[in-house]
Structure formats: C-alpha cells, structure tokens
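One structure follows; several queries about it will come next.
Letters are used for the chains, namely A, B, C and D, taken in the order the chains are written, and counting of residues starts over at 1 for each.
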C-alpha cells in the first residue's frame, strides 16, 4: 500500500484524484493546492485531507509518494522537494519549460536517488502499448518509418497558447516521446514546417497550429508527425510503424460502433470529441504502472531522462520552425 | 442518495458490488448471501456490512432499495419480500424459471406498487442504446427486418447447462428482449431450429448449442436471431435493423484497435474473449439508470412486464424447437 | 478456341455478349433472338452475326457451345436442342419453372452426355470464392451456422414480380445454391417466414418482399438467409460461415473507399446501387470457368443437378411460407 | 472515333494497347517499337498493324492521335514529332529527365497548339477522383494539411533504380502531382529527409528508398508525403486531406473482402500485391478522359504544364535531400 499526496487540485489534478481513490493499493491521504479551498473540496470528494502547507504534503511521516500535478512552473521545485524528503514522485511533464533548468533538476533528483516517473500517459494507451509490444517482438522487423498523428478538435484559448511554450513544447512533445519509446531509438535531427491556419492571431504570438515534423533516428529510420490544433471532426491520434518485415498501426479510435446506411452513404460514429475522452483510461493505467514499479522496485516505465529527451527534441523542433532547416538534436544533457 | 442492500455475493453479485460502491448517489450499506462469510468478504472490500439475515437486508430502516442478484430460484421470493417491505428493487432476470409463477409474482409486486427494474443490462450497451435512439427517431423508417447475433466463445460447463433452462431461456432470452425494446413491437409467433454441434452431450440433456430463431412482429416485420454457444473466436454480439428508409447497426465490437500488415494479410485485434469483457460497462450503466429513475420517479427503463414478455417468448421458442413449426406467442399474462 | 452462339439478346444477353467478345479463347459467332433486329444490333456491336433461326444457332458446323440466355420458359427446350445437337451449353437458371419438367430435362440432357453448366454466377464472386476456399481448407472447422444476406435496393416492377415465381424461386434460390456450394452439404428441411412490407400489392399477388429462411443441413448445421427486395441503401450481399474452429465472412462490399470526417460522424461510401454493379465481374468469371472446363474436360463448376437442387429447395421454401412449418426437402429428383 | 498509334510496345505499352482496343471510340491502328517484332506481336493481339518507321506512326493520314509510351529518353522527341504532324498526344511522364529540356519541349509543343495530356493516371483513380470532388465542393473547407502515402512492396532491381532518376523523380513525382491537383495550390518550398534502408546498395548509387517530404503550399497549407520502396505487405497508397471544416480520405484499398476470425485475431485480406494491381483501372480511365477531351475540345485533365510542375518539385526535393534544408520551388518555367 502506497500513501500518496496529490500536489495540484486543478482539472488534471481532479482526474488524478479519481485514479488515486480507485486504485486498490493506494492510500490517498493528502491534497495540496495554492488555493486551500480547492484542495479541501477535491480531498473531500475522495476521503482525503487537504494539506495546509507544501511541507505538510511532502512529510515522509504521512506519505510515501507525491503526484506532482501543480502548475508547470512549480514542477522542478516540487521535484526537488520530493528528492529532499526522499519521496517517490510521479510528475506531469514538462520538468521545466527551460531546458537547462530541467537538466539541473534531473541531475539533482538523480543524486537523491528517489524513484521518479514522468507521466507520459499516452505510453499507457491500450493500443499504443500493444503496438510497442509488437515492435519490440520484432513483428515489423527493423523500423524504417513511423507516422504519428496528433490532432485536436478545436484551437485552445489564445490565453492558454501564449503560456504553452508553443505547439512543439506543448502538443508535439508527447509524440516525440512516443516515437522514442516505440522505436527504442533516439532522434539525431528534426525538421519542422508549420503554419497558423486556424486563427491568424496564433501567428501574432509566434506560434503555429498546423505543423509537419520529420525526425531522423540514429538508425536512419524516419519519423513523420503531423500536429494540428483544429480538426472540426474531433480528436484524432494514430501511430503507424513500418519496418523491414511489415507494418503495424494503432488505428484511429472511434467513439462508438453504430453505422447507418441510407442511400449511397454509410455514416458511422466518428472520433472522440476531445483529447480527454480519448486518453482518459490512460491516466489510471499510468498511475497503476507507477505504483507497480514502486512495489516491485522495477525500473520506472518513463524516466526523468525520457522527459528531458522529449523536451530537448521539442527545443530543436522549435528552432527548425524558424531556421527552415533540419536541426541537430543533442540528447547528452 | 439511495441506500442499497445487495442480495447475493456470487460472481455477478461482486460485479454489482463494484457498481454500487462507485456510484456517487448510492450509499452501499448491506450485503446478504446464504454464505455469510462470502457476504462479509464482499462487503468488506467495499465498505459495506454483511447482513445476518434476509430480514436485515430488507429492513426499510436501513435501505431504500435492494439489488437482487441471488440464485435464480430465489428471485421471485425476494421480489415479494421487497414488495412487502416497500423497497425498490433491481432484479436479475429471470423473474422465475416457471412462467406461471413468474406471472403471479409480477401481479403480486404490481399490487404493492414498488418501483422495480429487471436488469436487462444489454439495453444499456453504448451502441445498442444509440441504435434504439436512431430507430426511435425514425432514421430507418418502419422496421422490416432485425438481425441479432449472440455468440459465446466456449460451451459453458454441462453442469451449468443442465440447470440453465436451455439455450432459449438462458441465452436467447436477452435478445428476445432487445428485439422488443428496439422495435417497440411485440412478436406474435416464433420458429426455432437448433442443433447440438459443439458437444453431443448437449443433445443428451435435451438442449441445443446452435440455433436460428425467427420472430414475426405484430407489424409483420421479421426478426432473425442466431444463438451460438461456441465460436472459437471470442464473444460476438451485433444488432442490425433494416427499415423502409435504410439500415442501422450496432456492429461487431473489437477488443482493440491494432492492425498488423504482413504479406497478403492484415491481422487485427479480434473480439472480446468472453461476454463479460464485452458487456462489463453495461452493469454500471444499468444501475445508473435504475437510480436515476428512482430519484426522478421516472418510469423504469425495463419493467417486470418486459421481463415476463421475454420469458413468454422464450417458452414459445422452446416449444418450437420441439414441434418444428412456428408457435404463437401470448403476451397477455 | 470455342465457337459460341448466344441465345437471347435482352439485357442479360447483352451482358454475356460483352464477356464472349472479350474472352481470348472464345470465337463469338452467332446471336439468336426472337426479335431478329435485336439480335442483329447486338451481334453487330461485337463482330458476330445474327442467326435467322434457332436451328442456325444450334448448328454444330458453326458452333461448339451455346450460351442460353433466352426467356425462362425456353430454357428447357433450348437445353434439349443443345443435347440433340451435341453442343456444350451454359444456361441461365432456372432450368424450368416447373420442377418436374426441369427434372425431366436434366435426365434428357444427361443421357445425351453434353457438358452443361448452370450460370450460378455468384459462385464466381471474388470474395465468395475465397470464402469457399477457406471453408474447404478447413479453416473454420466443421460448419455450424451459415448466414446469408440478399438485399436489393428497390422493389422490382410488379409486372416482373407476377411472372417471377415469387421471392424464393427468383431471389433466394441463388443463396440456396451458395449455401450448398460453400458447405458441400445438402439441406434436409427449410422454414420460411415472409411479409409484404415494401408494397401491399406484393401480398395481393401472393408474394413476399421480406423473408427469413432457415435451413437444416444434413449434418445438423443451420443456415439463415434474409431476403429483402427494398433496402433504401443499395445492394447488400454477404455470407458468414461459423464453424467449430472459427468464422469467416465474405463481407459487405463498398462501392468506393472515400470517407469524410466532419463533426461527430464519419461518412463513407456506401454499397453498390444495385445488384448488377455488385455482381458484374462474376459474369465474365463464370464464362471463363465454363470455357476452361470445356478445354480441359474438367467437371463443370455448377451442374444441372446443382440447378435442380436449388429449385427443389426453393419449392419447399415456398411451401413453408404457406404452411408455417419446416418442410422436408427431397433432393432425390 | 479517334484513330490512334501507340509508340512503344514494352510492358506499359501493352497495358495501353488493351485500353486502346477496348475503348468504343478508339480506332486502334498502329503500333511502333524500336523492336519491330515486338510491335508486330502486340499489334496482332489487338487487330492493329505494326508501323515500319516512326514517320509511319506519326502520319496524319493514318492517325489522329499518338500514345507515347516509348522509353523516357524519347518522350521529348516524340512530343515534337506529334507537334510537327499536328497530332494529339497522350504522353507518359516525365516529359524529359532534364528539366530545362522538358521546359523547352513544352514551349515548342505549346506553340504548335496540339492537344496534349500527360498520363498522370492516378488522377483517374476512383477514390482519389472522388476525394478531389469533395475538396473542390468545399466539404473540408480550406485545406490545411494533406497526407499522401506511396509505398511499393519490394525494391525494384538496382539496374532500374540506377536509371530512374532517383526516388523523388521516379516515385514521389506522382504524389507531387496529386498534391497540386487535389488542392488546386502550388507548393513554394519542399524539405525531404531520406534513407537507404531496404538495401545498402541504394545508398551507393546515391539514392534513397525511404523518404519523408514536406511541402509548403502557397496558402501556407502543408503536405506530407511518405515514399517507401519496400513494405513487405503489398502496395499501399492513400491520401488524406484535412481542412478547416473536417477531413476526407481516399483510404487504404484492400485486395479482397474476406475476413477470418479465429482466437483473439481477425485476419482480413490485405493490400494489392503491387502497384499495377492497385492502379490498373486508372489506365483505361485516363485514356477515356483524353479521348473525351479530344471529342469535346475540352481542356486536357492533365497538361504539359502540370507535368513540368511535378518535375520542378521533384528537382527541388532531390536538392533538399542533399542540402538538409527546405528548398524553394520555382514553377515559372
């Protein structure tokens, strides 16, 4: 049984609170939030208590592990707190928006030797995980080409986009991680072309909403990632891996299985309305993997180094958007 | 908030216990089972108490509603207890294996006026419910032909089959209900052909494991139901409704979304391993519908009369298997 | 090289004329029709000549084989002519609308010993043929249940229906043949329920437009066939074979491969507009099989006995529609 | 009726010969090949004559149009001959492997004013054409992202690759054309990353067999094209167009419609074995469009300027493979 404190009681914190409450091997003890009332409300819904101070939430007498779901600018600080307190930590990405500071944080935490997992929840998608299993089992042979699609239904609010770090760091970063994870290979360079097509104001804030990224992996294999902020047809996420022996894909997931046949067309249920509906089951699965690794002292299924690598790729990708050329990726951080 | 007692702590009782524990508007109080230890174990896992006696479980001072998931031969008795105690009841089908006794029970309970729902959980399948919505909305026009497929992965143990009442009463009865529910029409006659193909001992106990039923509805529309006990490819359940304006179907549900392409074939994830994996989400949905009807005093989404009708069709179907001719169905019970 | 005369220059005759003209091993010589002008026009389009008399068309000095595509009531007579002239014959079904006369014709022709094939063109559908190959190869194990769907887009003209012999003899007969062919098993009894739903005048002429047939095969395996005259969504033909080891299907064929995603739905190309668009490739394939059997003296892929069997099943099916009970099928004709 | 000469009796010439012979409005007169015997054999199979000399094949007294399917290095010369003779021409791409010489040829032919169509046969694929119709009709709104997949089953012989001009000019060029055609937009720059993964000798001849191209269109919309020479699972060609209002795709085409269900998997017919099986119907359709444009004096559905544009994009793409940066595309040739 692992005793948990949840740091952050916003939207994603409340999602994690549900997973914590439902997990049979978790004792969900504390919730901390800068807004104490919000912490109290969330804790109350799940039989936990609200922590008065951050120090209370990181008290090893009370908890074994913290789930860091606070605002992005506090991830690094909270990771250091966990390291200082000797607590295990499950942390939302990114480690820190500044790559250098993220790298320092990782080094600091590694010296402390606590178990840490970055919450790359898409690694726990049922179909993506099966795809990785097939690739690892050699069913497609040597990887030659990976195609990832990441498309959200509608442009997030501009206020959000302004502080998001840009499409590469906010959206595509998940797929940089998936590409590394599925292939087991690191990328050596990245090229990205992007446009602001959904709303001209996206260009005004120096960002793009539609982009095409190409990665070259260390083996020479290639990766294509298309990232779109506005589809008009729901949330579309897919992965295709082509290798020397064949191809496997984690296909487009439909929100339902009903089809209507009338006249010359067949109309089926489309995709999920948004990313949350699509990836919801991955949150509990990711927490389950973290708890299981803790209890068996197994390696973490997504390390801080993985988090750092995804960020480093995103930085190079953001540069390529500006330079118009393939940018080298340095993962020796 | 509805206070519940669960009657029966076997496999299906434990499934319902999870739904009861997770429902935000349910106060899961008591579990009763003829095996007190089993009741205690199940209650303990979900923060409920084990009832010492049936009377304790039906105590209106303790609970507002009972979930009757005890063995089939006790359904009728427990329904009468709920009626006597003035408790709402959610009951597993069948009401009673004997149709006459089932009819008497329904009359008794109706006189008491308690809210009762028969747990036809398949009505709460995401896709089946959407199909019904489409048919009700007139999207296929007047119904002409309904095709239902009900195929289980492997023959249940012979010991189970011997007491099951036969394929019509045990398996196909769910689909007799779905046919009535989706079309809003009553059948007037039924023909069934059946064989024991999976295991010759099925014939020895007077049952079949593969059957084809044809119903004629009051409008003249037709229904085909194929029921199979052994597929070798998992659990296969589908419904297709053809009408004057087109067709709609609740299609074959896949257990996953990964496809491998090698050589001349594409291999996709197949069907769910068994019926439970396929219909699991329907249990919580059915409970939710019952609670919602209780709280809003709305009509029950599946009444005792619906339960009785499905049983009456199953009786006629079982007769047709023997007579080799279409048997009339009398729903005026 | 086989020299052919085509008997009948109506719609289906003109379809066969194209196949005859395109086949590399066919010398398409003559066209006969009761309307000489029509024969002349069709022959002219394909470099053949119009025959003045039936005798000319059956002249062994001119042709090696005849393709009998004349009106139904002349099939038997033309088969006897082919037998008398010692010509090979490819004949449209049915042999004769009267089963006894059909049986006599078959006996007469068999005594003459000419090679004859009944044009059960659906046996040459790409997917149906592959399905049969799989079943023959044992990939589904012992057949337990076969599901056939036969649905036309719109009710044919009443004038046609009046002389068609009824839905069993005109439409379902093709699927009686497919059931025997794919399973390699003969049916022993048949039950059919039917209704006139598309147009009440169908009932006035003693026919049905929507029917559900159940066959019991000699092994105990069951067959379900749904036959519909009016879908509102195009032409729908499918076959599913479930056996002791698994299932295989020749699925719903789409008229195109384009899908549009907008809002919550995905709209795909639907089915073929009509039966002709769906089965068109089978005509040339059937002719090819006949020619190939002629040139290699191989057994015909669909014999007169097959044609007779399908008709005998249709007769029993038509009786069952009236009696409301399963009718025995006697294939010892 | 259009009288045709076919120039070139190799593999692709023999494909075109079949289309010419089958087209009702084509009088297939002559076949020319540098190997007279080969011309004679092909002509003989289709009721045409072999031309002794090129001059004979371009004789306006004999023919109205030429189909130029000779070796690549003779396309430009044969186009000039057609221009000089005042004959219409349907020409295989490319116009000439050298872009400057191709541009001169186009200018020369345009001065002559003859009707010319480049045989971009993929424009006549049933599904691609429907996709373009949808995009033109505004069903996806303003185009934002186009994804094209072009994957062949197995590496062509090295001898072929050596003279092919490289993957961009030989394979991807078709998809550069499709991207322009479907969107109605010209690209302004292109980036390509490529690797030789199927066979190291591909790198030795300075070519790639796996590549990812990104185009920026004049509107800012993006195009991704993945080109693969070796799949191990057949021929895979798809197009997806995402716009401001939704998405449409010309999906993966299957070679058959049979699915087998056994155990936990469903195995379906896969893709076509090779490009020819997949695109075969497009050849007759392209010829039909050319003849129809000739007979109605309509604009050609694929002009020499279209051919030149595709080549210019391929040149820039080939440069980008070397420079590692996005290369500008100049279509003002």
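Rule of thumb we're sticking to: a contact is a pair of C-beta atoms (placed from the backbone, for glycine too) under 8 Å apart; a residue touches a chain by one contact, two chains touch by 3 or more.
The model shown is predicted, which means the values in this text are computed figures rather than measured ones.
**Q** Of the chain pairs A-C and B-C, which one is connected by the greater count of C-beta contacts?
**A** Looking at A-C and B-C side by side, B-C shows more C-beta contacts.
**Q** What whole-number Å value describes the gap between the mean CA coordinates of chain B and chain C?
**A** Each chain's C-alpha centroid was found; their separation is 41 Å.
**Q** Counting only Cα atoms for the centres, state how far chain A is from chain C in Å.
**A** Result: the chain centres lie 58 Å from each other.
**Q** Among the residues of chain C, which are close enough to touch at least two other chains?
**A** Correct list: 231-233, 236, 245-247, 261-263, 269.
**Q** Based on which chains touch which, is the overall arrangement a line, ring, star, complete graph, or other?
**A** complete
**Q** Write out the stretch or stretches of chain D touching chain B in their complex.
**A** Counting only chain D, the residues touching chain B are 231-234, 236, 254-255, 261-271, 273.
**Q** In the complex formed with chain A, which residues of chain D make contact?
**A** 141-142, 144-145, 147, 151, 189, 191, 193-198, 210-212, 214, 216, 220-224, 226, 228, 230-233, 236, 242-247, 324-326
**Q** Which positions of chain A touch chain B when the two form their complex?
**A** Chain A reaches chain B through residues 22, 126-127, 130-131, 134, 139-140, 245-253, 256-263, 269.
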